[in-house]
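Chain IDs A, B and C follow the sequence of writing; residue 1 opens each chain.
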């Protein structure tokens, strides 16, 4: 059936949020609000050493003095930070020897998410660290990894078991005072992933983490720290889904990546937080600070597919400190209904002969607004910096918007900075043209969207690419074969 | 093959076609001419099934079947092809991928097997040569950055690949220089046979020197006001459209 | 006496020389009044912000020469295109030269304005088209209109494809100490016809020459025009070229402007898309040095749906030269499904070269695709070194990079002999021989 503009819009709007459900397990939730006592309580609950507690408190005090940022091209009701509970963990044991010990309700949750542990086992050894409402529940394959000296565990565990490593690196890429949300996160982060790859080791499997925000009114504050020591390699996947809720839920994560000399970190994200219903109510607020620092000859790639959250404010960045370092950013951001996204990346060229590549694809539908904000900064001493940026927008229908704000600050004459941007539209004309050639509407949309996103989808690890593709199609219309 | 009976078509409440009667038999070439606003593009859109246009009254019979309720892809599956006046750009789909999807969608709808890659490739090469299309176009996004002439040639290339029973060429000659016009006309002529039919909608008589029509119809104010043979086109050229009124 | 005063006072004498009963008389009179009112443009006008005419208009020009010099073909044959059959319209010191020209009335008219303005058989076309698209509010255009007398007149009837291009050349021989020329060209191409035109201005003297030219082009339905402007004059010669193009549906007009010579060149190139489904292309290469000055002001007015325009201007500036690019695109509210592209790329070879680039997009429709891009940079030193490391001498390496830079404008020149000629001119400017294969 061919679609008129109206019907096309309706189809896009009424796509049910596939993952809208809640796990009914007992949760251990703190009272709402934030003050020094809550911060101490969190630290105590996690049995953290003193230095960690102090670190949190110092961050909290800095946060109190800061003001929430206002500059993004998004409009939203400001979250009331005193109305959120900062800790929620399902009342189950923290660690499990084997999967048999995991709460069966939880396992059912994983099933619904379509990421059954069994499947994971079959998928050529993907180690999974599942975070449900701020606490890591199961970590598989730890033994296999530990043989290589690879540490992959929750950050809470890392603080207890590997304090020197954590202390050395935490906050070095994103200092607590960096911005409002990183300060908040530093004070109240409940859990996250910690990963350390020793010198010369190439991690043999994709490391992966899944997130969910479960309890109503719970902000999600993950903290992830990935350290790739000299000449090592790791590919890290992060994917999240969240249930339907009416109140907006806050997600303010911090991800720090450190690639030492000759190391490489590949960080892929598939994000599908609840986007708000078709009237713009509910949905997750996703304010994330992600940054990587590259030492000599190292490389960090950020690859992401974002289809959820009501409001997104996210700029994965690379600090190209070391000579010859490379930063890459590949992204597809889909917005529908009333979603708003102000995303992009920052590439800071400091060392000599540094290179950065940015490929950003935005797909807007419904009444959504999709903004790309990219900063390419070449410092005065950054000789021979090279950057290529490509930013493409695809508009579906007439009521959505796409905006591009490229900032290029080149303080060195030898810099070569290239920027390309394009905007295209899919409207009823395109759909009718495909119809007239015998291609039905659903297939036409799938073809167009996949063709448009191909460059970025190709950068995802294979297991993720398939899920990402499916996610794209679901976010835009009915599932297509 | 095509029988249009008292067709009334409107868009956004405005009536454009006011009782069209047209009979096209297999093997025939019909030309439709008319001044701006006479309803030429509306007629082609209505036959192809563009849902922006409302059929207020009348029937369109294709091979005996009334197609007014059918969706555009369903009409395409039955062998109707429209060469668009303004071919659409579709970024992200290559020319090859598009034609492959189109051909296979049609085959599937008819219960036939999908075309194999090697057969398809051979056919693509053959038809691209017929229309003087450079192979580098095949890997580009459909119509993106194509010149007007290239877009029109691409339309006829699709027609050659899909081998429709009824082709409607909506102002395919507009904006083409003489060399491109000859290539397109040559392509259309080579594809003509006694089993298919072509409706040529044109604003300029020149095309009809190359694609010789069996019948010429003049459209004015949404009605066919005069029909004749190819001589009519020449008379129109000399006397202008006012003569018809 | 100031030039403007001289012009205004000469007008009466000029009109006496011409037929007062001519249908153009009224047009001319209104035009001189407009010039009187506005005078020469100054930097206070937005459109002339970066361009001062002072050093041009300060000379004491003869505003129309009385005598014409005779030119020998062998002295000027280098200015024509080699190895090509063409129609020729040659105007010397403002006068038509029948010996050097090759006009035609064989089913079409390739001849001169003075004939068209005076002979009754052309009056129908003149009445329909003359001064109908030129901007009467513009003072320099009005000045030209007031003194319009000679220039090229080309009328191609329906369904006619010209097998030969038309070369239009205006010569100045130095018969006066300083000469002002105001050629007026009218080109009408009827339905489904195609024509190629090459135009240039050539001064053969060191005496100052100032040309204020107006060309009106009417491209009727489904017609095709390829227009090439070669601006490679001497450094004492200045040119203001006002070109107005009115297009009807399905037409396709391309203008290539090659600006290499002259003291000051100002190109006002205007496209009016007066119908739907129109294609307009404007391309240019500017290569200048010393204290040359080239200003490209372009305007495309998309007034109807489904039209396209492409602009691509490349500039290479050395010495103390200055370039100005101002590309204006207007998209009316009803001009839905417009595609408009504008690109301006510049290379500054020396510290004292300057470029002022300003894109202006006024878009009132919402279903459009418009883009503009501008770059300003230096020649890639790495690339230069690479070529030299492979044994290519510095000058040739620079030339090669310059060709590469200007390539996609050169590539779209459809007349191979012309393309060759332009490449030769570029080679000469860069001080290399065309021996190396491009």
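As a working rule, a contact is a pair of C-beta atoms (placed from the backbone, for glycine too) under 8 Å apart; a residue touches a chain by one contact, two chains touch by 3 or more.
From a predicted model like this one, the values you see are computed outputs, not experimental measurements.
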item	value
Highest C-beta pair count, chain pair	A-B
Most distant chain from chain A by Cα centroid	C
Chain centre separation (chain A, chain C; CA means) in Å	55
Averaged-CA centre spacing for the pair chain B and chain A, given as whole angstrom	49
Cα-centroid distance, chain B relative to chain C, in whole angstrom	40
Residues within chain A bordering two or more other chains	422, 424
Chain C residues counted as touching two or more neighbouring chains	none
Chain C contact footprint on chain B (complex, rising order)	86, 147-148, 173-175, 177-178, 203-204, 206
Residue ranges of chain C in contact with chain B within the complex	159, 161, 191-192, 194, 221-222, 224, 249-252, 277, 279, 306, 308, 337
Contacting residues of chain A [partner chain C, same complex]	398, 421-425, 427
Chain C residues within the chain A interface of the complex	366-367, 369, 371
Chain A to chain B touching residues, read off their complex	1-2, 4, 392, 394, 422, 424, 426, 428-430, 432-440, 443, 447-454
